[in-house]
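What follows is a pair of complexes built around subunit A, which joins subunit B in one and subunit C in the other.
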Partner chain A sequence: MGGSSSSSMHSWMHRGNTLITFFGTVAAVLCLATTLTDLRHVYTMPDPQASVSLAEVKRLAPMTGSKEQATLTFSMDADLRSVFSWNTKQLFLFLQAEYSTPDSTVNQVVLWDTIIQQKEKARIRLKNHKTKYSLIHPSKGLKGAPMNLTLVWHVMPRVGFMYTQSRTFPGGRLPDKYMQ
Partner chain B sequence: MNVRQLVMQAVQLGLIITSALMIWKSLMLVTGSESPVVVVLSGSMEPGFYRGDILFLNMGKNPIRTGEIVVFNLDGRDIPIVHRVIKVHEKTGVNEVKILTKGDNNYSDDRGLYPRGQDWLNRDHIMGRAMGILPQVGMVTILMNDYPQLKFALIGLLGLLVMTNKES
Partner chain C sequence: MDFRGQRNAEWLLVRILIVFAAVSFVAGYSQGDFQLMVNINAVGLLLTALLVIPSWPFFNRNPLPWLAPLHSAHEK
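Presenting the complex of A and B:
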């Protein structure tokens, strides 16, 4: 090869290549540093506060297809403001029922969820609140089942690793009889 | 001299391709996922994930739990889906689990996406769990998929760079 025009084109291309590589490296290092600050935040943040209780079981009834459905209300008082760091995009906060039945030991059903994008909105109080999704079990076994309520927040960053934290509260036993 | 140079360039090109392959395969081994990195293709997880975000996956041995964001493959569908687990039922005694998913930005769960008659996912459908996010970088691959000419132009450009690398 050779010729002044082609070599100048090559030097232009190599400059571009170097620039893009440098930009990429700097961006990668910055992303890594950002996610490391989050790691530090997880270990140093004040403990988030949360309490959840079952308010009332409104209904427990059989459904078609030998399923069962329970309708509940709950109360919640949570302060998750300390979870937010500069790199937090949002919290995906949800409440789930965890129970066991004779033929299935582990059952987790999400009852309610919300997305929190601002730190100031991470202070949540709900009283006798309806669940967003009803508790449907795919077979029989809800009657008398022991249940826990777990509040989980999935912390989703702008860049880097995601993590979850949770608090579990006793929800008592579901009623022994169907109630409409 | 010219032959030597040509061979050098070919070796260099081969080195780049094989090291990329090696990195990908080692990632597969470490994460236990058949595709350790995926690009978000839809807005069904907004505002958590946007189209073009890159997700890093890990499979792991732990049982699947609610709240995890999993990537799953449905029978008869080419493109894997990234959604959140909202229900888990594990049967006693046998290694059988029922999993239901939903996109954060969707109103209803994913039963409408599953093939007719399928109400649940099981462990075999799951390709990995999302562990980390890198925003927007995957937009390049989306553009390359939408405009294949761009892909060839980029590959050509990279090839040209490698071929002319030793000259300067």
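Presenting the complex of A and C:
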């Protein structure tokens, strides 16, 4: 492109083609430059603040098919506004319970999620909030299980790379006996 | 469009798009506004299309001089 040859410019359609093609190259360079600014943003942004705690275990009960279900509420105070750069399209934010039982040591269950599309909405305060999805364990073992709560956010850009950050908080232990 | 016009059109095309891209990047980044960058480039693309795609008279100022017709059998 941009050489001294004008052989591709003799008809209006050829000129249109040259224009669109070169515009594509320019757009790619802009995307690359934008990605570099995002890279800089990731390394220089203030740390996002978050704290999550288990508010209450409302219910812990057996389900059909030898499953178990826990119903929880949680509190959250998070400020993820610093994550937003000029190239951030949205955050996908979710809360995950991590616990171990005698039969399976690593279990992760998503309890709640949300999509944040504006920087101002990345300030989140929830008090005794009901989970969106209930905690269902496929076998027995929730009683007395130690649990962590992890808040994870995927940062989705307009152009460039996606990345993930998270914070883990202690969630205590589930009750030692069933409660309806 | 004559040969010199074609060369000039391509020269313009490349430089205008690059200037718009550079300005849009600086403006978008400094304002923290991605959409602004996109819009400035859209304007640049349209303007450049308007300038280089039609065969404007100023691209036709250097017509190729054709040889004079040879005398042929028809000419009697």
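We adopt the following convention: the second predicted complex is superposed on the first by the 163 of 180 C-alpha atoms of A that agree within 3 Å, B and C clash if a C-alpha of one lies under 4 Å from a C-alpha of the other, contacts with A are read in each partner's own complex, and residues count from 1 in each chain.
Keep this in mind: a residue touches a chain if its C-beta (ideal position, glycine included) is under 8 Å from a C-beta of that chain, and two chains touch if they have at least 3 such contacts.
This is a predicted model, so every value here is computed, not measured.
Novice: In the overlaid three-chain picture, which partner chain does A:Gln90 touch, first (subunit B) or second (subunit C), both, or neither?
Specialist: A:Gln90 contacts subunit B only, not subunit C.
Novice: Figure out whether A:Tyr178 sits in contact with subunit B (first) or subunit C (second), or with both, or with neither.
Specialist: A:Tyr178 sits against neither subunit B nor subunit C.
Novice: Given the superposition on chain A, which partner contacts more residues in subunit A: subunit B or subunit C?
Specialist: Looking at subunit B versus subunit C, the one contacting more residues of subunit A is B.
Novice: Just checking: does A:Thr18 make contact with subunit B only, subunit C only, both, or neither of them? Give me first, second, both or neither.
Specialist: In the superposition, A:Thr18 touches subunit C alone.
Novice: Check whether A:Arg158 is in contact with subunit B, with subunit C, with both or with neither, and answer first, second, both or neither.
Specialist: both
Novice: Looking at A:Asn107 after the superposition, I want to know if it touches subunit B, subunit C, both of them or none. Which is it: first, second, both, neither?
Specialist: After superposing on A, A:Asn107 lies in contact with subunit B but is clear of subunit C.
Novice: Across the two complexes, find the residues of subunit A that touch subunit B and also touch subunit C.
Specialist: After superposing on chain A, subunit A residues 1, 10, 158 contact both subunit B and subunit C.
Novice: Quick check: in the complex, which residue numbers of subunit C touch subunit A?
Specialist: Per the stated touch rule, the residues are 1, 3, 6-7, 9-10, 13-14, 17-18, 21, 24-25, 28-29, 31-34, 37, 41, 45, 48-49, 52-55.
Novice: Under the stated contact criterion, what part of subunit A meets subunit C in this complex?
Specialist: 1-2, 4, 6, 9-10, 12, 15-16, 18-19, 22-23, 26-27, 29-30, 33-34, 37, 85-87, 158
Novice: Considering the complex alone, what residue numbers of subunit B touch subunit A?
Specialist: 47-48, 63, 65-69, 84, 86-92, 98, 104, 119-120, 130-135, 157, 160-161, 164, 167-168
Novice: Going by the contact rule set out above, which residues of subunit A touch subunit B in the complex?
Specialist: 1, 7, 10-11, 13-14, 17, 31, 35, 89-90, 92, 94, 96, 102-110, 115, 117, 133, 137-138, 152, 154, 156-162, 164
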